[in-house]
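See the structures that follow.
The same chain A turns up in both complexes below, where it pairs with chain B and then with chain C.
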Partner chain A sequence: MDISSLVFDWDQLGIVFALAGAVLAALMGGIGSAVGVGMTGQAAAGVVTEDPSQFGKVLILQLLPGTQGIYGLLIGFVTLTQIGILGGSADLSLAKGLLYLAACLPMAIVGMVSAKWQARASVSSISLVAKRPDQFGKAMIFPAMVETYAVLALLISILSITSIGGLSV
Partner chain B sequence: MAVVEMKRVHIYALKSNRKKILEMLQRRGAVEVDSPKAAGELFSKTDTASARQTFEKNVQLIANAVSVLDAYAPPQKGMLAMLEGRTAISKKQYEQTAQAAPEVVKKASRLAALGKKIGDEEAEVLRLEAQIEALQPWLGLDISMRTKGTGSTAVYIGSFPEEMTAGDLKQRLAQALPQVSAIEAEVVSSQPQQACVFVVCHAKHATEVEGALRGMGFTYPAAPSKKAPAERVEDLKGRIQAAKGEVRKAQDEIRSFAADRESLLFTADYFTMRRDKYQVLGDLWQSPHVFYLTGFVPAKIAPRLQKQLEDEYSAFVELEEPGEGEELPVRLENGFFASAVESVIEGYSLPGKWEVDPSKVMCVFYYVLFGMMLSDAAYGFLISLVCGIVLLKFKNIEDGLRKSMRMFFFCGLSTMFWGVMFGSYFGDAIPVIARTFFGKEITLAPLWFEPLKEPMRLMLFSFLLGIIHLFAGLAMQLYQLCRRKKYADALYDVGFWYMLVGGLIIALVGSSMFQDMMSLSLNIPPVISTVAIVLAGIGAVGIVCTSGRESRGVKRFLKGLYGLYNVSGWLSDILSYSRLLALGLATGVIAQVFNMLGTMAGGGVVGAILFILVFIVGHVLNLLINLLGAYVHTNRLQYVEFFGKFYEGGGQKFEPFAAKTKYFKITEEK
Partner chain C sequence: MSDDYIYAVARVRARELALLGRQDIDQLMACRGFDECLRVLSDKGWGGGSGSSAEALLAAEEEKTWAFIRELTDDLTPFAVLLYPIDYNNIKAAVKCVVTDTQPQDVFLSGGSVDPAVMVRCVKENDFTALPPAMAQAADEAYHTLLQTGDGQLCDVILDRACLTDLLECGKGSKNELLAQYAEMRVAVADIKTAVRACRTGKSKAFIDEALAPCGTLDVSSLAAAACKSVEDIYGYLSATPYSGAAEKLKESYSAFEKWCDDQVMDLIKEQKRNPFTVGPLFAYVLARQNEISTVRIILSGKLNELDDGMIRERLREMYV
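For the complex of A and B:
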């Protein structure tokens, strides 16, 4: 019997970790956005009961915390294509798998937390618009400020993921 | 740059012409009335509050009447009604409606009364139906529910809170009153938790039987009917019919007013206008024969207005340059290309006293940044197509909406441009379709490069665009300061920053570390790098020395250091432009995801059907989400990064005394 077949090949785990990363990005970003859009949706519905003409404005404010879910999906998808699960060969060393996992984490964690806090800013902006509809331009900016950090996390994640392939580990 | 120049106008005229002049000014909508707080002893103000209230009440009444009318005779309105704008009517029609106004108000009160009547009758129907519902268990009883008995019998009609049969009842009565024999009991109806019963006994046992019944939980009905229940129900049904008939009659009568909808709406507008007019009237200073009106008027139309007032209404008109200290109302005026973004500026704040109108510079960046964030040629084409059709088809569209449509039209064009540059047409739809359904390999090469393959390159380009945008903002500040002849401030607040930030950037780009990091190979001669560092140094020293220039001594130095700390603000401002890359990639990648989902079923007919479905739903979704993202983040880059460099706003909008009508607009007769 060949002895080498009894030794566990650690490199088989590479793809597992990489997929875990991709999934986490989509999962946590999605959770954050779902919570966020849910919170803002409640506030928006409250405003529309009083003043239906504000629907367009509060809808925009409601959707603002929804982008983290999309960024998470984006990272997840790019990772899936990079590691070869979607087309191509899925052959990854353990080190690379862990690298992909690490690369996905900024988007996963920052996405989830920032979506929730962006939603809080958005809820406040919705009540601002309810009281002073003419201040919509400013109201939109406060939640957008929070999103900056989701964008920065997305940036780091995407730059890491696209360059891991070229590394020799 | 186009903040419209304003003049102060003084109008003195005879009171006999007051009505005509005010109406003319209102139709022209060119003067913002700004009455002084006090005038000479001779002048006084008229109190118009009660008249205004009457007009306001009429407006409310008509609005109420129209909503009643809309409920029963809904107007024929297309989906795109909001794009059609207000109907134009002539001055003559206006005067006719003015005469008919009392008539219309009568109709409106009739409509409101009918609306109220319908509400009342419908409540009555509900009440009667509840009564019928309550009588349901008693339908089996064929005598009045209020029957107390005859000369020698006592009758008890009521209910127990439990289910029971006649046998149960008789048994329990027999147990409770073994000495009383002549009791007859019937159960009219029985259901869980309620049994309706009829009990009769000899009059001499009345008190004992009642006591026994009460002991078992007997209660009299809450609302016993005088007639037999079945008859009573018939009566009630008749009353319901009558009420419904009343409702129908009222509805028919309401419908008969359908043709009056227009005149109702217009009369509402008429009263709104009169209310506004009386508001102005209450602000005027008047002597026994003369009134005085002052306010602001755009300089361009001022002479013509002056001539018209003097010739036609024998008024005396003075035009004056506004004083230095006066807060002027602001109106923006721009060409075809730049006026589209005026609403974005209004969303922030109109230019303040010393500021210029940023539209012309901003619009270019707005379109470019928006396009980069959405960056898909097909999406851009769709946006431009929709906006273009709306602009062509609905000429009468309201001004604000037209400008927004035009803005998105240009944004769409820019999106198309960047889509072609980055090779994105519905994401990668064309190669995917070719591969899946036709078995061919087509590659649509981007004109420039593919962002997903070279994200670093796009990020650098985003930063470059950001630096240009920020420097343009700084240039606006330079222009504003120079216009006020504050040349020293221009050097301190703009010149030094150009040196510091510009020098640092050149030095950074020249450094080998940066070039390694970005895998660039720019050959910047060391001389230039040295010069850049020296410039940055001069800038830094200058900023430390000057940014605390309002203070003295140590405080000045500390404030200067704090000023230099703002360089970190520049860093975060520039990094902020990385969202161009992030949002651009988001559009492309999500489009790819949908394209891939569509091809899950492979080629063939089934595959094609699935693909078409997924394609339509997916791309509409993606377009909407990313359109929202691009809009919000372009605004953010303009408001926070760009405006942060030079713009505070705070100007008051020019709100002329005009016909602020909701449904119609009056056109001057030619």
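For the complex of A and C:
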């Protein structure tokens, strides 16, 4: 019996870690957005119950925490393409797999946390619109500020994922 | 959970637009008479329809408030601090009606958490198990005290104190800072009112000790000791407590003190205008509506009795919006 067949090839785990990264980005971003859009949806429904004419305004505010889920999906998709699961060869070293996992984490973690906090800001802004519909522009800005950090996380994740392929590890 | 009230709070925010503000109060004050006031209120959607009396109009508004809250939440537990005074007033009426063998007529307040008919049955059957435990114990004690002594005031003292103790416990148990602070304020203010009245009517130390309900911001034994001496001693004691403003207003007049009490509640709930979560804004809305109704009652009664505008204005409460 060949002794080398008994030695575990750690590089086989590379693709597992890379896929875990893609899954986490889509999963955590999606969870954050689902919770966030659910919270803002309740507030929006409350306002529309009393004043149906506010539907358009509160709908926009409701959707703001939904972007993290889209960013997570984008990161997941780009990662799957880069690691060869969606076409190409899915042959990765352990180090590269871990690098992809690390690259996905900013979007996964920031996506989930920022979606929840953006939802809280959106709920507050929906209350603001309920009381002062003319202040919609200002009400939009407060939750949009939270979006900045989700976009920063998206950028760093995308830059990392697209650069890992060129590394010789 | 705080997030459970997101929908409800959003609806409350939209409803707050319809609350009466300072301008609306000025408009009511500018009315030439009682009938014009009623017309203005009716135009603002107050009351259940045209041609209702002032009392019916105010009762309809109170009912609308609670109907709205019941629509928002099935669980009225956080509002128990507002319902207990109604329940204890009704049990007081039930005990007195049964003991004096009188038919209860127009003595019960509506909107409590226990049906007055159940209360009457409990007292008649001398079985209070259908009531909440603390209320049952107090009702039992009050009933037997009234039977044995015939002293209606003692019966009132037992139930009033039980109500305040229950209210305080309920506030503390709610784990909501606003409810706890409100309950504490209600109990402290009730103690101050009791102490002042007892002092002015020359009640004994034992009576005052029995009537005052312990709370966190007042030392009831010191308050009772002051009440046994003079009203000035009460003012002196209060000036060293968070209720120093109350002492100033009491020196002015009793109506100034009552206005101060209501304004303190408005100050307490104003923060809820910036809170989009928790039951706090719902609770604040109910208090704001009650304050609004009470202010309108003052204006209507002033206009009906053709009181001077200045006299009415000095009794007007701060508004929530």
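The criterion applied here is as follows: the second predicted complex is superposed on the first by the 169 of 169 C-alpha atoms of A that agree within 3 Å, B and C clash if a C-alpha of one lies under 4 Å from a C-alpha of the other, contacts with A are read in each partner's own complex, and residues count from 1 in each chain.
Everything that follows uses one rule, which is that contacts are C-beta pairs under 8 Å (C-beta built on N, C-alpha and C of every residue); 3 or more make two chains touch, one makes a residue touch a chain.
All values reported here derive from a predicted model rather than from experimental measurement.
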First, second, both or neither for A:107, with chain B first and chain C second: neither
Partner chain in contact with A:19 - chain B first, chain C second, else both or neither: neither
First, second, both or neither for A:146, with chain B first and chain C second: neither
First (chain B), second (chain C), both or neither touched by A:28: neither
Broader residue contact with chain A after superposition on the shared chain, chain B or chain C: B
First (chain B), second (chain C), both or neither touched by A:47: second
First (chain B), second (chain C), both or neither touched by A:130: second
Common interface residues of chain A - those touching chain B in one complex and chain C in the other: none
Sites on chain C touched by chain A in the complex: 3, 6-11, 13-17, 276-277
Contact set on chain A toward chain B in their complex: 60, 63-64, 66-67, 70-71, 73-74, 77-78, 86, 136-138, 140-141, 144-145, 147-148, 151-152, 154-155, 158-159, 162
Residues of chain A touching chain C in the complex: 39, 42-47, 49-51, 54, 120, 123-124, 126-127, 130-131
Interfacial residue positions of chain B with respect to chain A in the complex: 344, 346-348, 452, 455-456, 459, 575-576, 578-579, 581-583, 585-586, 589-590, 592-593, 596, 625, 628-629, 631-633, 635-636, 639-640
